[in-house]
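Two complexes come next, and they have one chain in common, subunit A, joined by subunit B in the first and subunit C in the second.
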Partner chain A sequence: MQIVRALLTRLATTLVTLLGAAIIVFVVIRVVPGNPIAMMLPPGATDADIERLKTLYGLDKSIPEQFWIWIVNVAQGDFGTSITLRQPVFDLVIGRLPATLELSLIALVIAVLIGGTAALTATLYRDTKIEGGIDVAGGVALSLPDFLWGLALILVLGVLWPLFHISGRVSPSLGFDFHSNFFLLEALLRLRFDVVFDLLGHMLLPALALAIPLAAIILQLLKQSLKECMHDDYITLARTKGYSETSIITRDALPNAILPTLTLIGVQFTFLIGGTVIIERLFSYEGLGNMAIDAVINRDLPLIQGIVLVFALLFTLVNLLVDMTYAALNPRLRHA
Partner chain B sequence: MRDARGDIRHLPGLRLWLSGGWLLLLVLAAIFAPMLSPHDPLEQDLFAARLPPFWEQDADPAYLLGTDSLGRDLLSRMLYGARLALTVALVAGTLTCLVGATLGLIAGYYRGWADLVISRLVDIWMAFPPVLFAILLIAVLGTGLTSIIIAIVVIDWTRFSRVVRAEAMSQGAMDYVASAQVAGRSRFGIALAEILPNVLPTIVALLTLEMGIAVIVEAILSFVNLSISTDEPTWGGMIAEGRTSIYQAWWVLVFPLFALFLTVLSFSQLGEGLKEYFDPVLR
Partner chain C sequence: MSYLSIQDLTVRLRNGLPLLRKVSLDVKSGEVRALVGESGAGKSMIGKAVLGILPRAARLTGGTILLDGEDLLALPPKARRQRIGAKAALIPQDPLTALNPSRRIGPQITDRLVDILGWKRPEAEARAFELLEEVHIQSPRRVMKSYPHELSGGMRQRVLIASAFAAEPKLIIADEPTTALDVTVQKQILKLIREMQERHQTALLFVTHDLGVVSKISQSLTVLYAGKVIEDTGVRAFFDAPQHAYSKALLAATPKYTDPDGSLMPVPDNIIAAVEREVAAFDAQMNE
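Coming up: the complex of A and B.
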């Protein structure tokens, strides 16, 4: 019973957060600038144009009424029509979301691989120069944000040694006809490995830029937890049984040390998704974040609003999922 | 005891000196930019466009670090760019710290409904990608230095309030707070005289970290052309220009990127070093 109550409380706070996020977006976009219509219209619009738009968006009503109309529409998935692209915002956002999700997930996988390997290696070679080197590398990786890593990667692996693509999502010259917007998944399912490699060649640098800071965080926490585990009795027992150090670390210590890292990865994953906004811009990757920046530059308010809300929804859902996974994985919480 | 202390202090000491040294150099460069700059940072000379830095073959010694695609001197632009970067770092960093730390202190020490409201706000804030939030705010507020500073304070106060709240909560449970209460001090007096001094080391370390973040946010905003007016020299603007001409003139990207790298690294290392310096356990 306890778990159901905890779940319901968690769901309620999620809803409160989402409602709060919607209010913030509404306030920032509708109330602060004073006259949103002026921002939506090209210079030289007539008074009649202004009046027509005002009625269209319900701006002639009171603020609470406006909010009600707006929130009801938003809840139904009606985010309005993009001013610059003249298409429903919902369709535009859904069209771009897969690109951002694929990039974020690839980045997450890279971060876990690099961070995890580094932590295991540092534990295996603890108190040696190798551990010291990994610590220093982790410290630098953590001090610099994804934006700077992206630029450094463009210079080194895009220009100096042009091994990977530095812009776009897929080479148009491949002439591959996608039926969905999940390019990577679709190419995999259709067994077109040339396309898969091309996609990964485009994704690798932006994904790496997003992954480096997270890999450093994973390294630090996992190494710390592993270090604590190595003093436990079952490790001594495994050692007396004659298992190799590598096998002890990966098979005995790792499963016991991994839980805090998993929770942290969940929380940090939202930061990683947030980083896609500028990283997509940097690599001209056609995802949600890149579209958001265009929308801001073009003052396309309905589109901005839609994208910000989708990000907020994504973030709260990831957080909810993390909490639930944590509860499911941690036996102490399950029976509490 | 002495030896262990020497070992631990050695590395942070070096870090503090190196990062402090670079930041001092930067402050001097920013203050004396008009005297140090060999050219007007806005002056264009299309006949001197995309000149490489001095060690390359076609270089012009009048342009030490080369020029961009409009023939503007990179060194002069970097020196002037340091002014904006440092102004944003100091002003936005300090204001963010004041707002965030105050709210964190209130939430962590006074608890009750104030804590409830502030913590909920933090949750809501965490639902937005910070870069997108900042860009959105600039779109609404208009470009300019004041807007950049407001945007940074608005997006980043949670970084301080979360940490300070947790610290204030643990300090509030300490015996010395209880004894101050018994001695009849007011809650406000305790918050200022007892809690704040104990949370201060954390705040100082976070503050330097925040200054580095502010520099990055400003660079990102200039990169997408939403910082101050487009002519004004900014590191982010130079990086954006360098990104587009990367195959023709790599130096346009490399120099401002290098400056940004060192500055952000210095701020974060300064923060780490100060944290260790202040930490009574490590000291």
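Coming up: the complex of A and C.
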């Protein structure tokens, strides 16, 4: 009963959040200068032509009126048609979403692996030069935003030592025929490891660019929590039992130190997803973010709205997931 | 034959300030020795030095620790750690913080048996069940599946006692194990420790500042002041006729139940001054 109520409350807040995001985007993209009509017509179009097109797309109505029409359609599953691509927005977004999801998740995994390992190592070698070195590396990682890391990676690992692909999602030369848009997942399930390898080779640099700042944040917070835990009594007691420092850190300290980091990862992961917009552009990766930039440049209003709505939905889902994991990991919350 | 034998143990802060000054003491197999002194006298520090859990700011600078005839400080770190884990155990001061909040009770009792001593898990769990019964826990199976926050302070201390006896250590160091508990629970826990010690015939080093407890539990005691042994004697001899002036004053300062309204009497200043002089003279000798 309690769970049902909690879920309903959650669903309601999610809907309110999505509606808020929809309103803001809807109004903002109509208030800022520039409109899709100007992009579509050749120079020298007559006023009558402009008016005709405006009526066609419903842009002659007031903003509240336009919003009402749009939201009623969305509620029925109709997200409209892209002005530039002339395809249903829903199909376009669903087609691109898997690429972005796969990239974000790979980036998240990389960030957790790097940040977590660094934090554990720094705790193991606390108060030594090794911890100092890790701190410095973390500081450097944090001082640059993801897109600058992207440029640096392209320069070093794409141009100077061309070890990885710097553009696209998969090598066309492979001639692999995908049935879904979850390329990585599909290749894994079909056991085509050559394709998996190629996909990862394409994803590594953009994912790394997204992961580096997040890894540094994970490092800092997790190390801090771990070091605080290391003073706790149960750690001292574990020491008298004959365990090595490594197993004390990973088995006794880590489960207690990880909770604040988990919350932070949730919040930061939404930033990471936001970061895909620029990173995908930088690496010509055919995801949702790349499409979002095109949509904005072309003032493709229905497409922008659809993409933003999907991003908003993604953010609320991530938050929900974090809350659920938190409750599962913290025994003190489980019975509350 | 002493199970634990400490000779000239010296522990200093990193800046050289001594915390323990050439402490020597023995605990025989099956013997209960109390370690008494004021706060900061170094009582707990001795236990920590033996168990290898000195705080990072402190360093062992001299002396030997023989556990079961083996020189602990001569062993390489890993072997020392495992030897201590197998032969000695700690009953900690505060049961509310000494259990890992995110792990179940069962594994916290059995992990040493499985990981260090190489027992099979079912055997270790059967042993944990037995131990929890021994410390008078009503439903051991349920408790083993519980998390620490689901148990009361007294229950948690019982669990910690069971855990300390898990590997059949022949030395238990109890670091003020009742200080953090309710007065009513204190008595039960004290009785339980005594009971377990007798049944398992372990040597017990009992750290306390409560002389009332000392008379109930121990056969011998060591009085410390500023990390220096002031008196080392049998319990009967101590309560009948303490030798050192500081011991006498300490004994006189113990509040008595027979005189509930009597004002608390601190150790007199001139006695403190005398014992401070003694420590200073000892330091001068030690640094030569």
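Here is the rule we use: the second predicted complex is superposed on the first by the 278 of 336 C-alpha atoms of A that agree within 3 Å, B and C clash if a C-alpha of one lies under 4 Å from a C-alpha of the other, contacts with A are read in each partner's own complex, and residues count from 1 in each chain.
Everything that follows uses one rule, which is that contacts are C-beta pairs under 8 Å (C-beta built on N, C-alpha and C of every residue); 3 or more make two chains touch, one makes a residue touch a chain.
This is a predicted model, so every value here is computed, not measured.
*Asks:* A:13 contacts which: subunit B (first), subunit C (second), both, neither?
*Replies:* First partner only, subunit B.
*Asks:* Does the superposition put A:125 against subunit B (first), subunit C (second), both, or neither?
*Replies:* A:125 sits against neither subunit B nor subunit C.
*Asks:* Of subunit B and subunit C, which one touches more of subunit A's residues?
*Replies:* The larger set of subunit A residues in touch belongs to B.
*Asks:* Between subunit B and subunit C, whom does A:297 touch in the aligned arrangement: first, second, both, or neither?
*Replies:* In the superposition, A:297 contacts subunit B only.
*Asks:* Between subunit B (first) and subunit C (second), which does A:256 come into contact with in this model arrangement: first, second, both, or neither?
*Replies:* second
*Asks:* Taking the superposition as given, does A:233 touch the first partner, subunit B, the second, subunit C, both, or neither?
*Replies:* second
*Asks:* Quick check: in the complex, which residue numbers of subunit A touch subunit B?
*Replies:* Per the stated touch rule, the residues are 13, 16-18, 20-21, 24, 28-29, 32-33, 139-140, 143-145, 147-148, 151-152, 154-155, 158-159, 166, 270, 273-278, 281-282, 289, 292-293, 296-297, 299, 304, 307-308, 311-312, 315-316, 319.
*Asks:* Applying the document's contact rule, which stretches of subunit C touch subunit A when the two form their complex?
*Replies:* So the residues of subunit C in touch with subunit A come to 51-53, 56, 78, 81-86, 88-90, 92-94, 97-103, 111-112, 115-116, 147, 149, 160.
*Asks:* Which residues of subunit B touch subunit A once you look at their complex with the stated criterion?
*Replies:* Going through subunit B, the ones touching subunit A are 120-121, 123-124, 126-133, 135-141, 212-213, 216, 219-220, 223-226, 239, 243, 246-247, 250, 253-254, 257, 260-261, 264-265, 268-269, 272.
*Asks:* Touching residues of subunit A toward subunit C in the complex: what are they?
*Replies:* 127, 232-234, 236-244, 247, 252, 255-256, 329-332
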